[in-house]
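After this come two complexes, each holding chain A, first together with chain B and then together with chain C.
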Partner chain A sequence: MNTAPRLLDRSRAVPLLIGKHEDFLIVAGLAGAAKDIGNLTKESPNTFLLGGAMGGAAMVAAGLAITQPDKRVLLVTGDGELLMALGSLATIGAVQPKNLAIVCVDNECYGETGDQPTHTSFGIDLKATAEACGIKTTRLVTSEAEMAEASALLRQSNGPVFVLLKVTGAPPPQYSRNWQASETKTAFRKALLGKR
Partner chain B sequence: MSNTSGQPWAEEIYDRLRKAKVDTFCYVPDGGHKRLIVRCNEDPEVKAVPLTTEQEGVALAAGVHLGGSRSVLLMQSSGVGNCINMLSLIDIGRFPFLGIVTMRGEFGEGNPWQLNMGRAVQATLEAVGVHCLRAETAEEVAEVTQAAITMAFGAEMAVCLLLSQRLIGAKAF
Partner chain C sequence: MNDITAAAPPAPVAVAEAISGEAIAREIADMGVTHVITVPDTNLKTAIAALEKAQRVKMLYVCTEDEGMGINAGLYMAGLKPMMLIQNNGLYACINTLKAIALDAQVPTFMLIGQYGRDVTKTVEENRLRSVRLLEPTLETWGVPSFRLEHKTDIGNIRLAWQKAWEIVGPTAAIIGAPTS
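The block that comes next holds the complex of A and B.
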């Protein structure tokens, strides 16, 4: 059981952990994670934000990672979304994309719908789940002192990495996003591939 | 499956997918997809991705397209039910998508648990914006497969190719 104290505010912690976002192609899950990343990158074309399709972000990132093995792919998702797609962790463990880094921003609640507790609030441990699913390199980050090492790990290239970032229930940054995924998809592909 | 050993039509599907540069095959197994699953796992040029649930393959297709390549999702008709909300990602993002669905719950089905999704496949897929093409016999598989490939990757539509139970053969119980 994971009973680490939650002291970090996501608005500060997510940018600190990720650092220079241009180092990655980034896929972010719906709700809080999309706001964290949208606010960080201002939806620069290395960014694809989901706005629904809950549970889908992990496999979007996995598909991107296996298709672009020479790029570093970063998935940022919330605990609520990841709980809906635990099987995706098993699939990622089975496929072992070497260039995929995962950050789960764990606030132990569904912030978008009224702060109802998620299973992680009852001690369900997503870091241990990732390990059990074959993701060998994992970290729990609960303080700024642990950030630098975890941030470097996100950039390592020898296997999938999972970082569980425990944060308070404070809301994500305000960010007015582009909801038209067909536009952001096209911008992403143009920047990466030079074609629509 | 009573007659999966041959599946010559499956070789036809595989060859056309590869010719169309589909290089990522993801699947939840079905007897009707046995040959395709063997072929994609034997092919050193192909990434074969086993899934825990079919909806993973829908999201994977979006990621593969973002990365500049082409994928196909192999599933049974019951798996279509697991994909419905995830297909909103394909529709809102206008991602190309190709699924190949082996039909259960129709011609000669011996397991009543297959009937509901067998009935609902086409209606539910169409309700979330997926165009359905259907192959009834071995003779028409090649032509319908090619049509599905052209629509999915040429016109960048969401397409499912439904392979009838009469084609794949009813499982013996």
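The block that comes next holds the complex of A and C.
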């Protein structure tokens, strides 16, 4: 069980943890994670935000990581989304993409729909789940003092990395995203591959 | 008095015939597919075995079809040419991801789908199981082009469906009507 304190505000904590976002190809899950990353990157072409495919972000990131081994791929997702696709952690553990880092922004609730509690609010431990799925390098971040080491780990680890970022229930930053998924996908591919 | 020389009733004639798993695997590799992403299907087990044996295409086993849709998109966004191998029930399991990733984000998503549970002596429309009967109407509802493979001579429909996915930059399906041999 994970009963870590939740003191960090995601609006400050996510940018602090990620640092220079250009270091990564970033895939973000829907809702809060998309707003965290959209606000941080302004949807620069190294960013792909999912919408309406709850649970899908982890595998998009895994696919990128498998085929772009020289790039660092960062998945930013939420506890609600990850709970919907726990099998994704098992698949990542089985494939072991060396260049994939995962940040789960855990606010213990479905913030987008009115703060209903997720299972992590009852102590379900996503860090332990990641470890059980074969992701050997994991961190629990509950304070700013732990940010620097975790931020470096996102960039340096030789294998999949999982960082559980415990945050308060404060809302994510306001950000109005591009809902045309085909446009953002095309921009991403063009930046990465030079083609649509 | 019974006529013991009378012929037994004729066996039901198959409407869909078995297509060789090796032929399917060969066609997939020849098309230039880089990865086959699969939640395995019983009806396609010999095709999966042939793909594994030939080692011309990378196999990726995932836990759910939703995962498959996601990783297919990730591979495509990174410049590769993946496809999915699933069964009819798997298609139903991933409709939201089909909508949000393959359709909305416009990702070429070729699905080779086995008609699990089909009585091959009946047409699709005459089959009792809704998982068999409703596959094509479901795809049609979402505007996903589909191609049937009912006979050995239909093998070229795999390539047609694959090419269509790249042409429309979206999802398509090739439906294998009978268990592969």
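As a working rule, the second predicted complex is superposed on the first by the 195 of 196 C-alpha atoms of A that agree within 3 Å, B and C clash if a C-alpha of one lies under 4 Å from a C-alpha of the other, contacts with A are read in each partner's own complex, and residues count from 1 in each chain.
In this section, a residue touches a chain if its C-beta (ideal position, glycine included) is under 8 Å from a C-beta of that chain, and two chains touch if they have at least 3 such contacts.
It should be emphasised that the depicted structure is a prediction, and the values quoted were computed from it without experimental measurement.
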item	value
Joint occupancy of chain A by chain B and chain C, clash or fit	clash
Contacts of A:T67 with chain B and chain C, given as first, second, both or neither	both
Touching partner for A:S176 - first (chain B), second (chain C), both, neither	neither
Partner chain(s) touched by A:A85 [first = chain B, second = chain C, both, neither]	both
Touching partner for A:A58 - first (chain B), second (chain C), both, neither	both
First, second, both or neither for A:R189, with chain B first and chain C second	both
Doubly contacted residues of chain A, that is, touched by chain B and again by chain C	27, 48, 50-68, 85, 87-88, 90-91, 94-95, 181-182, 185, 188-189, 192-193, 195
Touching residues (chain side chain A, partner chain B) in the complex	25, 27, 48, 50-68, 85, 87-88, 90-91, 94-95, 180-182, 185, 188-189, 192-193, 195
Parts of chain C lying in touch with chain A, wherever the complex brings them together	60-64, 66-80, 82, 96-97, 99-101, 104-107
Footprint of chain A on chain B - complex, ascending	24, 47, 49-53, 55-69, 71, 85-86, 88-89, 92-95
Residues on chain A engaged by chain C in the complex (per definition of touch)	27, 48, 50-68, 85, 87-88, 90-91, 94-95, 181-182, 184-186, 188-189, 192-193, 195
